[in-house]
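The same chain A turns up in both complexes below, where it pairs with chain B and then with chain C.
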Partner chain A sequence: MISRWFSQVALVVSLEMRKTFFSRRGLWVYLLALAPVLIWFMHSMIELNLRKERQALNAAHPVSTALLRSIERGATIDEVVAKVGEPFTKNEFHRPNISVAVYQYTDGDNVFAFQFRDDKLMNINERDRDTIPKDSLIFASVFQFFYLRLAIFFGCVGVFTNLFRGEMLDKSLHFYLLTPIRREILAIGKYFAGLIATVVIFCTSTFLQLAALSLHFTGSEISEYLAGPGWGHVASYLGVTAAACVGYGSIFLAAGLLFKNPIVPAATVLVWEGMNMFLPAALKKVSVIFYLQSLSPVVAPPDAKMPALQKLLVTAAEPVPAAWALLGLLTLTIVVLAVAARKARKLEINYSTD
Partner chain B sequence: MAVYKRTYAAYQGSFTPAWSRFLILPRYSFARLWQSRFLVMFFMACFFYPLGCVGYIYLANNLSILSSFGIPEPLGNVLKVQPSLFLYFCWVQAAFTYLLTAFVGPSLISPDLVNGAMPLYLCRPFSRTEYIAGKMSVLVFLLSLVTWVPGLILFVIQASLAGWEWTKANLWIAGSLFIGFTVWILMLSLLALALSAWIKWKIAAGGLVLGVFFAGAGFGTALNSVMRTQYGTLLNLTEVMFTIWSKLFRWPEDTGISVEASWICVGVVCATCLWLLVRRVRAFEVVK
Partner chain C sequence: MQDRIILDNVSRFYGEVLGVNRVSLSIPPGITSLVGPNGSGKTTLMNLITGLVRPTRGSIQVLGISPSDPEKLFRVCAYATQFDSYPRGMTGFQFVYSYLRLSGMSHDDCQRTTAFAIGRVNLGEAAHRKIAGYSKGMRQRIKLAQAIAHDPRVLVLDEPLNGLDPLVRAETIALFREFAAEGRHVIVSSHILHEVDTISDQVILLSNGYVVAEGKIHGVREEMSEHPMQVIIRCTRANVLASRVFEQDHVVEVRLHADGGGLLVKTRDADRFYKALNHLALDGVGIESVAPADDNVNSLYEYLIGGEESTR
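Moving on, here comes the complex of A and B:
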């Protein structure tokens, strides 16, 4: 009996794969998944160009990093020029009572801006080139605040609600319901089809994002990172992406079965997940994002532009260990899938109302 | 060939005046919309914040009530009606309006296109402009009821409690409320109608209305973080409108983008949506 159920699930999955991967209605999911790849690719291209530009400037105005860092506040323009030579850019503003000058140097990687006021060095602004730790923090923010909460969320809304509602719209669900398989098997088969599609699409996007991010780093920097925490981070990000598809997928499959208009539960879940950081610790656990954040390898810094009043309302909760987070997420998924399967058992079709 | 008796006779009754024909569409749309209990409940929920603001305005103008409850005077002095109250009123009501638009907007045009009803509308003395105006007036009327109408009522309440001097000095707030919300409603309505016209599945169109706001905001923030720019904020339509409202309410708020850029962004969104609508709303459809 169990082996027959497995073969029936596999059959439903194989029937659904074409529809979930290649349907015109689902093309926007690819766009949503690939949008962050485009951003990281553009970032890497810009960084590569900037580095080339800086190296060319450094070749024209050679100066070492140590020499640039040895300059201290209070030095005069002549002293600085005597020590490190002429800058590659010089901006001077003269007013009757004040004169300001900004001299810019580069060591090929970083840009140093020396700001003089009345011939005295007042400020040194060092713009370092991007490093892997710096970019991995930005990646963590984008991954947690955009990719998990919005891209994967809306992607799962599109794919999983379409599994049943899409069939209703195409007036083809009765073909499934007339076959001699249990409704629960149908629901689980459809869930796995959606899960495979979303995991493949979004995990590929995560991997491509990491690849695009690393384009502007040198081979030695990447090897060093991968020898350290690198592979662990890559595996964790891919795992968290798959876990997000598992969690959100179950919720939206159930929403597609329980509600005629799945936008209402989608909006509710979106608001609930969005306000997770303001919820008390006990309520945080009744969400998918809490477990996903616990599983993320790098803690994303809070939004710097968040108003002070909102910052006051943020409640901290200890992230749960990875094993507990996975267990929590799986429990949530199984409970929601059980509800969906129960609903599928009593499913009735009325095409005229859709 | 059989020849039957001709029974057709032209309509002899009075015509609806041409200027008000577009109002026929909202009449039927509203009759259908109010059948949804969820929509009625959500519509009622949109008035909770304005009611809270009424309470705040009343307390701010009647501090003696606070002292009778034992609240010390300095705390009472914190309660002041400033332009920021109306700015945050715009912010909160805007959140309700895009949820309302996501529920109402997609069902306006897509059913007509899916069921091939467009030729039935446009074969009558009813132009495409009137059709779009009629459909748009549903959203404009509904969204006005939860935005500038309660906003102006709040202003009138404050004016009646604070006196003529306050009203004279702050009359511009009423203008800002009306202009700010009108622009917001226009943009939301055009966006919802364009999506409703291009996406036949109304649930997907509703999801896309939410997606444009939420995913657009997220994508813009991601763009800002990665590219170290502020132009990504232009993809966040709520932030774009907040920049315009901040200027209208004379409130210094740095969103990272200029007011001019925000107006241009709103103009581009509206023009694009209008172009999409005009391309789609036609009396015929080419089926390949």
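Moving on, here comes the complex of A and C:
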């Protein structure tokens, strides 16, 4: 009996695979998954161009990092120029009672802006080039805010609600309902088909995002990162992506069975997930994002300079250990799938009202 | 009763709209036709029998199996619906094959059984073409192939003859007869009354969600005492025969044919009339043919359902 159920699940998965991957209704899911890859690719291209420009400027106005860092506040323009040479840009403003000048230098990587007021150096701004730790924090923010809460969320809405509702609209669901297969098995088979599709699409996107992000770093920087926490981060991000598909997939499979219009449950879940950080501890656990945040590999350090919103996004309010987070997520998923299977058991064909 | 389809006081409402109401049936094996105008509840009844919809009230058993247990039901039952949509991109062969695979058959058995079922509906040449490119008749046949593929004991077919050309229609009817002769159930819905008349062992007449009559056509017709049976007789001495049959107390009307070569008799008791006719024939009235004029589904439909919808 059990082995027959397993083989029926496998058959449903194989029959559904083409529909879930190549459904016309689901093309936008690919766009949603690829959008962040494009963003990170553009970011890397911009960073690469900036670096090339800085290196060209440094070649024209050669100066070392150590020399630039040796300049101290209070120096005059002439003293600075005598020490590090002419800047690559020079902006001067003269008013009747004050004169301001900004001299910019680069060591090829970083940009130093010296601000003079009445010929006295008042401020030094050092704009460092992007580093992997810096970008990994930005990636963590974008991953948790945009990717998990929006891209994967809506991608799962598109794929999983269509598994039953889409077939109702196509008037083809009776094909399955007239086979000697338990409806619960059908629901599970369809869930796994959706899960495989979303995991493949979104994990590929996650990997491509990380690859696109690394384009503007040097080979040695990447090797150093991978030798350290790098591979662990990659594996964790892929794992969290898959976990998001597991959790959101179950919710939207159930939504597709329980509601005719998936927009209403999707909006409700979106609001619920969004307000998770403000919920009491018991209610926090009835959400997917709570567990995903606990599983995320990069957590914001207690850095006073970090904007409050970013800190909120990359830090779980009350994180739980990874094992508990996984267990919690799986429990939530199983409960929701049980509800979906129960609904599938009582499913009726009534195409005319759909 | 394990060989019957039993509906016990079954009602189904779609919100406030009536699907079927208080239907109690015990359907024996053989070809059973569901007859009724559009919206009379034929498809709802088929959907109820196959578990695609559930009764609001009452219970259903198909050979002792509840339709709410599809895992057991569809091992003995098959349903070719009126829905003309199929999983996207499938060929006819894949359509039947995947159904059989889901039924638990091995790959080799599926291959062989699929080819056999498709051959039975004469669709072999088109088996590996996509269903989307099939004609209406071919789509009907592939649905039928899928329905018969796993050798079910109950075959439920919604308008199975629609879109079939005369030759295929005859072959399909022969297939139904073959199934019925093996003691299986073949439940068909149809608008084409003369075909229902030809193929059915029993009929269920539906109107506005109610069963208005059920049973063998002749039996149902006999029970309709408010409509005397009409018999057409062709004979040599029609006026003599007319006067003799009119002496029978159950004969209510006799009409001579314009050519004088026959008559139409209306009687309240067909059995007594046929017995009397035997005696008259022996008395030297040259009877050429005797045929019931309204002992068919068309007449039943007209009498019971009336002019709700014109028959084809």
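Quick notes on this one:
As a working rule, the second predicted complex is superposed on the first by the 336 of 354 C-alpha atoms of A that agree within 3 Å, B and C clash if a C-alpha of one lies under 4 Å from a C-alpha of the other, contacts with A are read in each partner's own complex, and residues count from 1 in each chain.
FYI, contacts are C-beta pairs under 8 Å (C-beta built on N, C-alpha and C of every residue); 3 or more make two chains touch, one makes a residue touch a chain.
Values in this document were obtained by computation on a predicted structure and should not be read as measured data.
After superposition on chain A, the partners chain B and chain C are seen to fit next to each other with no clash.
Using the contact criterion defined above for the overlaid structures, shared-chain residue A:T179 touches chain C, although it does not reach chain B. Once the two complexes are overlaid on the shared chain, A:Q8 sits against chain C while remaining clear of chain B. When both complexes are overlaid on chain A, the residue A:N350 reaches chain C alone and has no touch with chain B.
Contacts of A:R73 after superposition: neither chain B nor chain C is touched. Residue contacts after overlaying the shared chain place A:W40 against chain B, while chain C stays out of touching range. Contact with neither chain B nor chain C is seen for A:K120 once the two complexes are overlaid on the shared chain. Between the C-alpha centres of chain B and chain C, as viewed from that of chain A, the superposed structures give an angle of 70°, to the nearest 10.
Figure legend note: chain B and chain C, brought together by superposition on chain A, show a least Cα distance of 14 Å. On the side of chain A, the complex with chain C involves touching residues 4, 7-8, 11-12, 15, 18-19, 170-172, 174-183, 345-346, 348-351, 353.
Across the complex, chain B is touched by residues 25, 32, 35-36, 39-40, 42-43, 46, 138, 141-142, 145-147, 149-151, 154, 157-158, 161, 165, 169, 261-264, 266-267, 270 of chain A. Contact residues on chain B toward chain A in their complex (touch as defined above): 38, 99, 102-103, 201, 203-204, 206-207, 210-211, 214-215, 218-219, 221-223, 225-227. Touching chain A in their complex are the following residues of chain C: 14, 47, 50-54, 68, 70-75, 78-79, 81, 83, 85-89, 98-99, 101-104.
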